[in-house]
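Chains: A, B and C, in written order; residue numbering restarts at 1 for each.
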Amino acid sequence: MRSHTLAELAELLGAELVGDGERSIEGIRPLDRAGPEHISFLHNPKYVAQAAESRAGAILVHTTDDLAGRNLLICDQPYLAVARTLELFHPRPRPEPGVHPSSVVGDDLELGPDASVGPLVSIGRRVVIGDRTVIGPGCVVGDGVRIGEDCILHPRVVVEDGCRIGDRCILQAGAVIGSDGYGFATVDGVHHKVPQVGIVVLEDDVEIQANTTVDRATMGETRIGRGTKVDNLVQLAHNVQVGEHCLLVSQVGISGSTKIGRYSVFAGQAGVAGHLDIGERTMVGAKAGVMKSVPDGSVLGGFPARPQKEWMKTQAAVQRLGAMRERVADLERRLSAVEESGKERS
Amino acid sequence: MRSHTLAELAELLGAELVGDGERSIEGIRPLDRAGPEHISFLHNPKYVAQAAESRAGAILVHTTDDLAGRNLLICDQPYLAVARTLELFHPRPRPEPGVHPSSVVGDDLELGPDASVGPLVSIGRRVVIGDRTVIGPGCVVGDGVRIGEDCILHPRVVVEDGCRIGDRCILQAGAVIGSDGYGFATVDGVHHKVPQVGIVVLEDDVEIQANTTVDRATMGETRIGRGTKVDNLVQLAHNVQVGEHCLLVSQVGISGSTKIGRYSVFAGQAGVAGHLDIGERTMVGAKAGVMKSVPDGSVLGGFPARPQKEWMKTQAAVQRLGAMRERVADLERRLSAVEESGKERS
Amino acid sequence: MRSHTLAELAELLGAELVGDGERSIEGIRPLDRAGPEHISFLHNPKYVAQAAESRAGAILVHTTDDLAGRNLLICDQPYLAVARTLELFHPRPRPEPGVHPSSVVGDDLELGPDASVGPLVSIGRRVVIGDRTVIGPGCVVGDGVRIGEDCILHPRVVVEDGCRIGDRCILQAGAVIGSDGYGFATVDGVHHKVPQVGIVVLEDDVEIQANTTVDRATMGETRIGRGTKVDNLVQLAHNVQVGEHCLLVSQVGISGSTKIGRYSVFAGQAGVAGHLDIGERTMVGAKAGVMKSVPDGSVLGGFPARPQKEWMKTQAAVQRLGAMRERVADLERRLSAVEESGKERS
């Protein structure tokens, strides 16, 4: 069990210490499960009361407000400090360097000195694996693949022929990089396969999570920009271009040849049609379906997706349709009465 | 070919026999494909006519009504009897106990005497595998994993470090248990990974089907309750808590930290936002998107999800919008005429 | 680097040559990335101007219109010619025939003379693998499986016990064929597994893409018709019958026992409920949810799915709900005024 004094933690995290610097901290826990030997964290003001009651030995906070008398580490970005504290208390074990004897390696593997290839891995020919990269059990790496430094491939990842992975990328279990795109030339109702001879490029610091699929380009590249994070069970079709620092949440589908501008966010189960141009910093709501290109800074919801506010207003109007029907029926009754009395009068 | 007399089957199933107990039955088939050597079943009154015409040698039924003269096995739960009959005629072959020599096993494996580890499996250190559990070809089991008794892991399942699987669990091919959750601390648009150091716990009698993903908790546990059955390609995010005996149908997505009460059902492609509390015995319709916490016994449809009846009424009203537009136009014409005649009169 | 003269290409593709037959062509590229050594293609009139400006040494076209003075190959089906040209310049490398020594093979394997089983594959007992079929690294093939000739199984595909794959099928990485269907007999809220003892049959020329799942039938067969192409992350449930030459785009879900008529198309993230009969040549729009059986030639959109035109009209009406509310309010004001003046008069 690793432990740090609170003063050490303050220094490691670049945080300001308030309280007992000598207190020994053995781990990090949420407010409701922390004890005196743990540090906890408050990054949502909603939980101030819970923080006040927590048994935590110290708390990572943004401000000292409302927590007088507690041991605190004050930092600009408490959630980032949580990430760093988790790394401190849970360092990733570094597997043995080299190739496990049960693995099968093709000719001309170029392997970084501290890189590790786990058991039962299949590596093709002319593969480059950067230093300190870890290839987990059961992975398959195709011919001519290049993987950068400090990457982690979790178990059973597939990277097919010719694809390129940048530095510090993380691929979660079951992810498939470089499967064939869905391309067919249909003649008289019969679908003839169009060979998919392009590749996939993941730039640096990309994470692709479990059982997500990224298709290779028909020709050229499918490209995922630096720092983009893709959740589980997402589909990225052939020739898609995702900009830097995007977030694509679980079960999103991006159709072929669509471009997503950087810093965009797609919430869960959203989708976008093919051959579109999605501007930078676009926000797409859960389950939305984007059917047209949109400019930078768009905020979209619904299907077909419209500006989020407009969609919400429309949803509200739809909810009041019953009331509107009653108003129309009332108008009809009243107007008939007026018409009737008009006839009587004439 | 295994065979049973109808009298034997009646006893094995705890059913009441009507007809020829000596008839030999060699298998179970649907009504339209059963012959005199098969038993069939009727668990939906819609198919009574088909049952009457079936060539089946016997039929599993709930009641003798309308099937006079047929060989019948009468039971309270005909579909449960179908399940048991399928087990009788299709016993799962038990693979050789022990570890296949092509597999790679870390230190300190604790393996039940009749447990079986198939070919090309990678097992980490300090793993416990219960008695009679079967690990299929190509599976990857991480360090410190505990798997109970009588489990079946189909080919290419991944259970990552530290996760715990109860007794009698079934994991279908390609399922991933314990992948990292989607957790990032975003600072100035850059997403910093939050280490995911929790685990996944599957309680007893859970089934997770093909290519479904269950993320480990950030801290603590993602937990799937006893008897819950999860279909293919479902996403269960970090820190999710699913109660006992739930059904989550294909392509459902449950976002992070959401709690689902026991006996709840999510139909295909439904989703629920994060950090919500979904009451017990909640029914969520296909493609619905639940955006708020709901009490026990809720029945929901649409997106954003509302009570199912209200949603259906709204859908019907939307269908009649064209008619309403015509009524409004008609009102406008008639009212103009009334206004005109009023002007003439004054 | 392979190269062909334009005259050779014309002959290989059955195209009409216009221009310099001696020009040497070394590859095929999109219009904007082709150089004088490449052939490019124009199959959408939208790109005529781009074609005119392209540096391509030759262009595959349907007609000579608007491209006077360029080297052209004129063909009836330019996109099919693109597919064939890609095959010419990117022939799939044929792996070594036979079984890689790291693979594990059960008794009685029947292997075509030029078939190839890659590294770390697990093959069950009594398996038949047709001639020239390629089984990629890490695949798992169950007992009694039959795979036809000229198939390609990409890495980490699973085909479970008893399933049958036709000739010229392609299975992309991570696809699962023959996982258990989602079948339970629920008694008092507890879900008892119904053994799934049927199989999956893929007819000839089927392609199943990455991480898609096809469940085995409860009894009998789940069947995917000849020439049908299924994109990534699609769910095909037990007992589904998909006709010939269908297209099922990414993240589509087909529920249990539903039949899809031939030549039908499901766009991305669409779904269909169970036990339905979907007519031939049905078109289902993106994200649509089909809840009823439909006749041949249906064109559907929305959820619950309706005829596409009706759905679009309804969507437009919903967008104009705000305007309608104003018209109703205006009617109410005007009618009140009329009623008021009527009262004054009487």
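As a convention for this text, contacts are C-beta pairs under 8 Å (C-beta built on N, C-alpha and C of every residue); 3 or more make two chains touch, one makes a residue touch a chain.
Computed from a predicted model, the values in this text were never measured in an experiment.
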item	value
Chain copies touching (chain A, chain B) - same or different residues, decided at half shared	different
Rotation in the CA alignment of chain A with chain C, degrees, nearest 5	120
Mean-CA-position distance for chain B and chain A (Å)	26
Contacts with 2+ other chains: residues of chain A	102, 120, 138, 156, 174, 211, 233, 251, 269, 287, 318, 321, 324, 328, 331, 335, 338, 342, 345
Chain A to chain B touching residues, read off their complex	28-30, 33, 77, 79-80, 82-83, 86-87, 89-90, 92, 100, 102, 118-120, 136-138, 154-156, 170, 172-174, 207, 209-211, 227, 229, 231-233, 245, 247, 249-251, 263, 268-269, 286-287, 315, 318-319, 321-322, 324-325, 328, 331-332, 335, 338-339, 342, 345-346
Residues of chain B touching chain A in the complex	102, 104, 120-122, 138, 140, 142, 156, 158, 160, 174, 176, 179-180, 182, 184-185, 187, 189-195, 197, 211, 213, 215, 218-220, 233, 235, 237, 251, 253, 255, 269, 271, 273, 287, 289, 291, 303-304, 306, 313-314, 317-318, 321, 324, 327-328, 331, 334-335, 338, 341-342, 345
